[in-house]
Amino acid sequence: MSGAGGGGERIVDLNVDAGESFGAYRIGEDEGMLPLVTSANVACGLHGGDPVVMRRTVRLAAANGVAVGAHPGYPDLQGFGRRAMAMPPADLVQVLLYQIGALSAIAAAEAMALQHVKPHGALYNTAVADPEVGAAVIEAVGSAGLPLIALSGSRWAARARAAGLRVAEEAYIDRGYLPDGTLVPRGRPGALITDPGEAAGRARRLVTEGLVTAVSGETIAVRADTLCIHSDTPGAAAIAAQVRRVLLDAGVRIAPLRDWLFMS
Amino acid sequence: MSGAGGGGERIVDLNVDAGESFGAYRIGEDEGMLPLVTSANVACGLHGGDPVVMRRTVRLAAANGVAVGAHPGYPDLQGFGRRAMAMPPADLVQVLLYQIGALSAIAAAEAMALQHVKPHGALYNTAVADPEVGAAVIEAVGSAGLPLIALSGSRWAARARAAGLRVAEEAYIDRGYLPDGTLVPRGRPGALITDPGEAAGRARRLVTEGLVTAVSGETIAVRADTLCIHSDTPGAAAIAAQVRRVLLDAGVRIAPLRDWLFMS
Amino acid sequence: MSGAGGGGERIVDLNVDAGESFGAYRIGEDEGMLPLVTSANVACGLHGGDPVVMRRTVRLAAANGVAVGAHPGYPDLQGFGRRAMAMPPADLVQVLLYQIGALSAIAAAEAMALQHVKPHGALYNTAVADPEVGAAVIEAVGSAGLPLIALSGSRWAARARAAGLRVAEEAYIDRGYLPDGTLVPRGRPGALITDPGEAAGRARRLVTEGLVTAVSGETIAVRADTLCIHSDTPGAAAIAAQVRRVLLDAGVRIAPLRDWLFMS
Amino acid sequence: MSGAGGGGERIVDLNVDAGESFGAYRIGEDEGMLPLVTSANVACGLHGGDPVVMRRTVRLAAANGVAVGAHPGYPDLQGFGRRAMAMPPADLVQVLLYQIGALSAIAAAEAMALQHVKPHGALYNTAVADPEVGAAVIEAVGSAGLPLIALSGSRWAARARAAGLRVAEEAYIDRGYLPDGTLVPRGRPGALITDPGEAAGRARRLVTEGLVTAVSGETIAVRADTLCIHSDTPGAAAIAAQVRRVLLDAGVRIAPLRDWLFMS
């Protein structure tokens, strides 16, 4: 049983970032999105989120049968974790454990255990691009005994698996791919897929065939254990609803990673 | 076996606040104090401490055979957690779980489990004085499944025990007592005991007899499962060393709460 | 010429809080509100706002001919400055100067000078209720050489004027009044006026007659140099538009305080 | 009259970073250093310092006849402004104006005007290395109408002057130089000068001859309007005292930049 395997049942997880509001500030469409996905990456207070928001988000996820994971970021609320920070990797390990533990205790108060860790924003991108930062993430996540959601096909994902982590490979339905399996950088033509129908079609093909058409026109293989749906895209809930429908129509099972890939 | 019981072996825990440095800023004498105590209350990043300091402090405690507990405070680094904040109790619960969980994950990376929770500064004082805040602390600590260190003889300590928490009652060796068992407010005559010999003598009597002389001259009963030693008092290490010596000479066993009061 | 004077031209300022967004977080309806008011209280980065938001807000105010003032708050972004903090008054003076200066430099880069200071949230309320905090605000605002917007009829406003400050007395069009001229506390019957027509009617009577009907039914005198319009009330722009219309129809001139009350 | 000119009176400014304490945290030796220097770069609350510390530091500077300048840094207290942040230059301009203005208002309350701006830590280094960041600093400092202290001989200093800023070129007495006039990176041989006598000798030669011996043995020209003395070096006060003595013995006048280079 696998997300991009050959025969048998097709299954996939849908993940969304959640709980990124802070104090009086609201961001994202958690109420609209959580009923449509199976895993929520919950912000941990340093790039977004706060303890009150975290509790509310975990409760909302639990009520929707959605698994929760930690979504740690750089300690930069003003930059929303989207600015790279030159933090020593050894320090970064502690900053990650801090956030994972904080969410873990709040989730436990709702009788929820963390399903996974998925870094946020600039930290995710830097972990993909910079082996030292990628290794710091792997060390922290491994130390917390949790699985990792990482960019499908990346060396970072491979290194995490080699280090003994359980890894879910993540594909994007609203981003264009280069022939080498990396994403078209934002701002370049083909970087964003905004049409819900096109996004849903890509989702179905990713899950049922493990394939996607790159901007160059080539067909490339991309494993998709989990599909990321950005909640801050306008119309995100509409996209998510259509993706669900198309996947279900294609006979795909949509279930949180804990129910299949990370079953212990 | 008890800290202030009738006959048999006398035993007490010595606790100290630790890990309150932040980034480039150093505060406290952790290296000097941890070899002299049995429990460390480790700051959790909101009033003091940061993830890197937390990891270093847990490691230092482990190396000294010192048990670690969470020392959560109000989210007010500039005020060092010494300013009361009008935070709704329900929000405070989450802010406490956040800090407890953050330290717990970092401690686990050093194969350490948290022994207890002891609130910091204005939060501790408010929990003693304000039943709603006290209840929020009890809820959070109970939710985390941890014991609490609370002011000896306080209603807060009694309520925590009634709520099912394991509680260590804490006495002060460097603070004067009023006849009702509360502390002489800072700034009033007799508020502070600064002579190491006097502090050590009070420590011995608190542990071996469960008694202390109030500023009024009366003798009052104060249970002392754990003695707090302030690390930011000048000469704190000298005081701690003398207290240890005097207690050991009196046949008192000095051991972390996990080894006796909180044994499971 | 006065806001609540006897004969002659009636004139009033309309003020609104603005620039309370932070990083990726948006709050308030600045684009909708600024065309409708004459003074903007711009958040200064500690309870809300950040340097980028401040620059954008000043620019937007300038484009709309709106005067800008500093809107300093307690340093508590998570609580949005709505939680009282036990900060020593002498420290508070510096925290206020800090915020006023920060905005002043950013405003100067847009060739704007600050018109006034109006404290935010818990700080405003505490300044009204606590003479020591009120005095700290007066000291800081006086030291910055700026006028103050303060609750109409309050002892705080009187003390500020006695200390030599120029003061604009502020009335509320969407809040109920008690017979003594203070506001009905939120949560009690009559605390909020939500009907735009009623709000506009009250605005007209406040400006043209200097009177308002208290919840008890009595008519009381309230001086209104400036009317506060809350931008976070749903439908705030609609209320503001109606207030403007009704005031203009009544022959009231609506102009920033710098053009009449604070002319030098 | 110039710091590194040909004939006539020799004159130089001595600058030191100050006011980097935060809340309960003390760092640096301001009380010991300020009597020995002529200009203080005062931290502005984002990488270090807080409003209370800023007021205290300005007062201490005023009492010692020391000129004050703003010492803005990246908004990263945990990293003490020593970690590069990928902040858009246009945002950085506002972050700088914010800090400059905040200090300016606090200084004005002590009847002090800001003499200059000198960026801190990673921001200073990035301004030297990255023209876009350097330009953002120039824009902010120019917008504030203040002079800049910049690395002697750097393209950044030249660009600032070309943009119309008054610039003081800064040399280091405790850092080794490469033949091209840049500093030997920390961690490489010859990066640090720790002997007070050697530091003082270099200071004298820099000021009286405008020359320094690079690590390669070559003699290079370095203009020194102001000499930076690091206050966090152990023994900083002793070094500063010896530098003063040697300079005075050599007939050099030591005076704040406002009294000669930035006289208007």
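A, B, C and D label the chains in the order they appear, each numbered from 1.
Assume a residue touches a chain if its C-beta (ideal position, glycine included) is under 8 Å from a C-beta of that chain, and two chains touch if they have at least 3 such contacts.
Please read these numbers as outputs of a predicted model, since none were measured by experiment.
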Each chain counted as touching subunit A and subunit B at once: C, D
Between the pairs B-C and C-D, the one where more C-beta pairs touch: C-D
Chain centre separation (subunit B, subunit C; CA means) in Å: 45
Between subunit D and subunit C, distance of the C-alpha-averaged centres to the nearest whole Å: 40
Per-residue overlap in subunit A, given as positions that touch at least 2 other chains: 78-79
Subunit C-facing residues of subunit A, complex: 21-27, 48, 50, 77-80, 82
Subunit D residues touching subunit A - in the complex, by the definition given at the top: 75-76, 78-79, 83-87, 122
In the complex with subunit A, residue positions of subunit B that touch it: 45, 51-52, 54-55, 90-91, 94-95, 97-106, 108-109, 143-144
